[in-house]
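Down below is the structure, laid out as structure tokens.
The first chain written gets the first letter, and so on, giving A, B, C and D; residue counts start at 1 in each chain.
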Amino acid sequence: MATMQRLNWGLVGGGDGSQIGFTHRAGAALDGRFRFVAGALDIDPVRSRDFGTSLGLDPGRSYGNWRELLDGEQGRADRPDLVTVATPNVTHFEIASSFLEAGFHVLCEKPMTMTLDEAHRLVEVAASSGRWLVVNYGYSGYPLVRHMRAMVARGDLGAVRLVVAEFAGGFMADAADADNPRVRWRFDPALAGCSAVTMDAGIHALHMACYVTGQRISTVSSDFASLVPGRQLEDDSSTAFRMDGGTVGRLWASGVAIGRTHGLTMQVFGEHGGLRWSQEHPDQLHWTPLGGPTQTLERSARGLSPEADRAGRITIGHPEGMVFAFANIYRDLADVIQAQLDGVAADPLALSIPTGEDGLHSIATVVAAATSARDGSAWTPV
Amino acid sequence: MATMQRLNWGLVGGGDGSQIGFTHRAGAALDGRFRFVAGALDIDPVRSRDFGTSLGLDPGRSYGNWRELLDGEQGRADRPDLVTVATPNVTHFEIASSFLEAGFHVLCEKPMTMTLDEAHRLVEVAASSGRWLVVNYGYSGYPLVRHMRAMVARGDLGAVRLVVAEFAGGFMADAADADNPRVRWRFDPALAGCSAVTMDAGIHALHMACYVTGQRISTVSSDFASLVPGRQLEDDSSTAFRMDGGTVGRLWASGVAIGRTHGLTMQVFGEHGGLRWSQEHPDQLHWTPLGGPTQTLERSARGLSPEADRAGRITIGHPEGMVFAFANIYRDLADVIQAQLDGVAADPLALSIPTGEDGLHSIATVVAAATSARDGSAWTPV
Amino acid sequence: MATMQRLNWGLVGGGDGSQIGFTHRAGAALDGRFRFVAGALDIDPVRSRDFGTSLGLDPGRSYGNWRELLDGEQGRADRPDLVTVATPNVTHFEIASSFLEAGFHVLCEKPMTMTLDEAHRLVEVAASSGRWLVVNYGYSGYPLVRHMRAMVARGDLGAVRLVVAEFAGGFMADAADADNPRVRWRFDPALAGCSAVTMDAGIHALHMACYVTGQRISTVSSDFASLVPGRQLEDDSSTAFRMDGGTVGRLWASGVAIGRTHGLTMQVFGEHGGLRWSQEHPDQLHWTPLGGPTQTLERSARGLSPEADRAGRITIGHPEGMVFAFANIYRDLADVIQAQLDGVAADPLALSIPTGEDGLHSIATVVAAATSARDGSAWTPV
Amino acid sequence: MATMQRLNWGLVGGGDGSQIGFTHRAGAALDGRFRFVAGALDIDPVRSRDFGTSLGLDPGRSYGNWRELLDGEQGRADRPDLVTVATPNVTHFEIASSFLEAGFHVLCEKPMTMTLDEAHRLVEVAASSGRWLVVNYGYSGYPLVRHMRAMVARGDLGAVRLVVAEFAGGFMADAADADNPRVRWRFDPALAGCSAVTMDAGIHALHMACYVTGQRISTVSSDFASLVPGRQLEDDSSTAFRMDGGTVGRLWASGVAIGRTHGLTMQVFGEHGGLRWSQEHPDQLHWTPLGGPTQTLERSARGLSPEADRAGRITIGHPEGMVFAFANIYRDLADVIQAQLDGVAADPLALSIPTGEDGLHSIATVVAAATSARDGSAWTPV
């Protein structure tokens, strides 16, 4: 039995009470591949240090802000191999590029940057740095999402004709949230940019459409609507798109769909069959071969793909959940970083993680959609 | 106990082996309000007469074609009060207008006509005739579809922000059907007009969106795709639309969605809650008030609306099915025709049946969608 | 095209407002094989005659009670070929035996009789009469129930190890119904006999277990519970049983299961796979071959059995519902009666209808269960 | 912000490739309340030490077997506060009692012991030790299971009439497993005791029935069946039971139910409503108030109980899964152990964890069921 190599991990953002912070810490810890060694977790320096210490960080490595962390860690031999950036979107570019330039691998929350220009620059920074820049499209870590991708790649569907992606829930439906600062900023173009629900939620579905089909989106026609009075950005959008491999796509993104608890779904239709998956019940994938009955594929069932097998941890019938999907991103990161350290090729199965290029492409697609929406739904290249 | 008035009914089209013929006969018969007295059921005169007789028609009233039926019946005292037209689409206009002009009430299959011009003229014919022209958007007869309409009308949802309509199944997905004459004509513009799946299937969803919200569609932006090689018309489409009451809409129509057995669904989202319904399980309606848990409303449960109560026949928990939806159209027709005969006002609950104006509006919407699709998804008025 | 032979039909019971009366009339009429010619529909003679006339019966054949119907019809050349008995249970024996003795075929509602002794005698009467005595276990008419039976018969499951039958809903859960006469009598042993929910609802599930497996129940161990205070008979029961072909069974019958809208379900497990079906969604059957994914078999899909194909009427994806299940019983009856009239062998596919022997066996099973329950759940032969 | 107190944790059993070992480590780690400090993870001493070290244990605290761990740790100041016993069932009693006697708190896998006598003795050992003995009925850690318990306790259902518990899946259905040593031992009375599927799976459902209702089972009538040829113990059982608070119960346990992926379900019916829950989709609970529509309660929705709120970690719509349920047991354990260390009363919400008494009661119920089954289903006191 080879001793597992453990890597060091640092976290920026994700303070006390933050859902995303908990999810990253739990996901990074699940397989024991990362040791949490440094953090700058809160915008308030005191709370930042205290919270990190309360989580077991060495007080000297629980910092008041990300610059202190960068300064304090970059010279250490045991510095983080990977730094996760889970701060507000407006800060992603500066923080992620700083850590990449200092030679850290970076996992950045989505959307990767606020603007397309920043996204291009960040991808360039990553390229020059020789470090991994990964974007946390965490839902792509679900075993059955990976199985969809594997089925498409190995040809089970034949040519993929159509992908129908949705991220439509009721999370922005309450007009009484107009004064809620956690909601209000999303509809302020100065803070949120060109898009609200499409950039925040729809982008996950767009990435997944690309992830599953192995294609890029080439052109879009989009309709944005602001359905709760007073909003300057869209809380609902519909987008038709074309992909570079010939697949046609449809995206519905919404925050006003009351009753849809989460609302991320993926449907893929090819010559030989169709796939349907929903994030709310991620352990089942519905597969219908042309002319045959629909089959319910269960996570961890026998006979799935190596991609799905690798991504599952517990036996069939026992739900895994979203943290396990995140954990697959972390495990893949551990594999590719370790391989780089060891000077060997990484396991090809670890290489499907969403990169800076994927983050850039997703943002470019949303920007094109916003442009199309402003331009009377005219078809707009990505 | 008042003796039920029975009306006379004639059927054109719907020959032996025809699904739609069986459904009309069963729906018309279910409540005993119509007596099937005359038919011209098949394109082949001999088969037409034989099949009618085998169904119990008086041989003298089982005709070889619709003109014979019209000639033979129009002078009779016991002639049909209502004639159903269930022939191929290209013949709807001529047959329906002939019967209306001869003073028969008409129930016409959808799409009501082949062209928008015909549709306008047929509505005019109906108006001059003083007879009912009803279009068989049969799915609008489902009790819980009527309950959605009632909930919207009585304000349960508040302002309706968004309606999301789908009719997307796998019924056109098999490329091997290229030589199947029952499929091929649908993609031939000479026979099918400007649209395939949107005119054939999507139109039901468009009507239902209008039926439930009580609004008309004012403008559309649409994308049509032909996903099975060799097709000249679309087998998949995505349409964004605006309604005259301020509601925003999305329609997805598809014939290539393998695994979706039927695929007609309706989602309606308002200020105060959301509704979700699927034709495949029509006896359940999912209603989520803002901030509360989703409720599953069952057909024939206590506490629904008068509209839903009137439309249900058997006790809760026992599925009713599509023929019962059709039967609601027929029962409403019996009510409104009987009221006209009696010179009284019809039960207001009978008045939601889809009229020629509804048929016209649906066709106009599909034509506008086809125009938009040809014009780079430009927003096009209906 | 052969002219369809039409048979004459009479109905006893099922008055105005009766659910079961509507269902029988609609089911008998659906295929046009029966002409409704005579009725005695209500306990009140005036209402009985009026209601029959309102349904279109010849006034001379709309009778005040069943004896008048028997007297009036038995000498006629055009008398009913089949009489349906849908009166209160206590009257089944007398009415059904009278009609059988007079040479009518009889379809009797369930439970066939009030006592086991009556059931034995009625079966004997039917045997001497040479007429069909069929019991309306209407749920056995669902196409996918018949497909389950066909799959078992053709060996798809291998040896059937276990059948798990439930008919458990909330229809007796409201303690406020203590004074409701439509509920109260069910818990009065003088009126209801030895059992309430097991005889009323569970009996359907027991019949279906036998129908699907092709076996008889040989011995039972049962627990009866009266969960709403004041009831003298059980509103919940659990029964373990053994069948004569070696299959083990479990039955749960309940009227207090609030939230289960109807609650009839069937699960069948064999060496090679398992089946699951629910009456609330009768158009889907879940089949899991050993080691493979679960398949959702849709009614009217290609590739099912002749038994299922014959029992479906409309295309896949369009729900049929309970009346269509009843209609299959009627169509089978039309086939077997016509075959007898014609002196030919009936279509073997028509022969699965529940006979008097099946009605007797089901009652015997419930009586044995009641005996077991009184005897400390001791195993009791049927 | 108070610094979180961290406790030390040791694990016995759960070696490389063990599902249960991974689940315990992940569950214990999720909230950071336990530091994994010592282990004896495998029956093979070398593999045991190597695997522990590979997981990051100090090599001096990664032991070859549980006795070494006990000897090595009991004198240390930083010894484990809690030891989890996840070894084969036959060893539970000896290991758990040894650690309790040495003053460790113990979390023991289920079934707690092999015999009822051992169970009684272990409860006594725990009582004398003053240490917590907790049994890992991990499914009771699901937030919505805790919500069911809270709803019952606060009276939402009124008097609980009926509980229907199932743990019926296809995990023992393959006759080809006769030679599989991981299956075979379960049907050998010498190794497995008096019961197979009831002791292994049904026991979870029995515990949950008690957990949710807050009652104990007083008497049972049971039927055991061995449906795969050659098995000496049951692979299917049906049990009727009575509880000390007046609730009636039904349990179905099965290993031959092909197609039921996991199969643990719970239904609870009271005067005022009914609850339904399934482990396969643990984030939804179906609640039907008498006379009203069924509501789908989502984990982490607003307006649930403090018990449910405390047990959820991530936002609504994001699945949590089984490891999170286990983690709730660990967090509760951390609370009660810390409270004992601090000499204060524990949070009452932490006190619902399954104790040795619960483990004893569950075993006693299965033993009574086995006795009843052998005795012709005679009612047998627990």
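Keep in mind that, in the parts below, a contact is a pair of C-beta atoms (placed from the backbone, for glycine too) under 8 Å apart; a residue touches a chain by one contact, two chains touch by 3 or more.
Keep in mind the model is a prediction, meaning the values are calculated, not measured.
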item	value
Separation of chain D from chain B in steps, with touching chains one step apart	1
Distance-maximising chain from chain A - centres being C-alpha averages	C
Chain C and chain D: spacing of chain centres that average the CA atoms, whole Å	43
Cα-centroid distance, chain B relative to chain C, in whole angstrom	34
Centre distance in Å when chain A and chain C are each reduced to the mean of their C-alpha atoms	55
Sequence positions of chain D contacting 2 or more other chains	287, 291, 294, 298
Residue ranges of chain D in contact with chain C within the complex	161-162, 164, 168, 170, 173-175, 221, 223, 225, 227-228, 236, 238, 240, 248, 250, 252, 254, 256-260, 267, 269-271, 273-276, 286-291, 294, 376-379
Of all residues in chain D, those that touch chain B in their complex	287, 291-298, 301-303
Residue ranges of chain C touching chain B (in the complex, touch as defined)	1-4, 6, 16, 19, 22-23, 25-26, 29-30, 32, 35, 47, 50-51, 53-56, 169, 261-263, 279-283, 298, 313-324
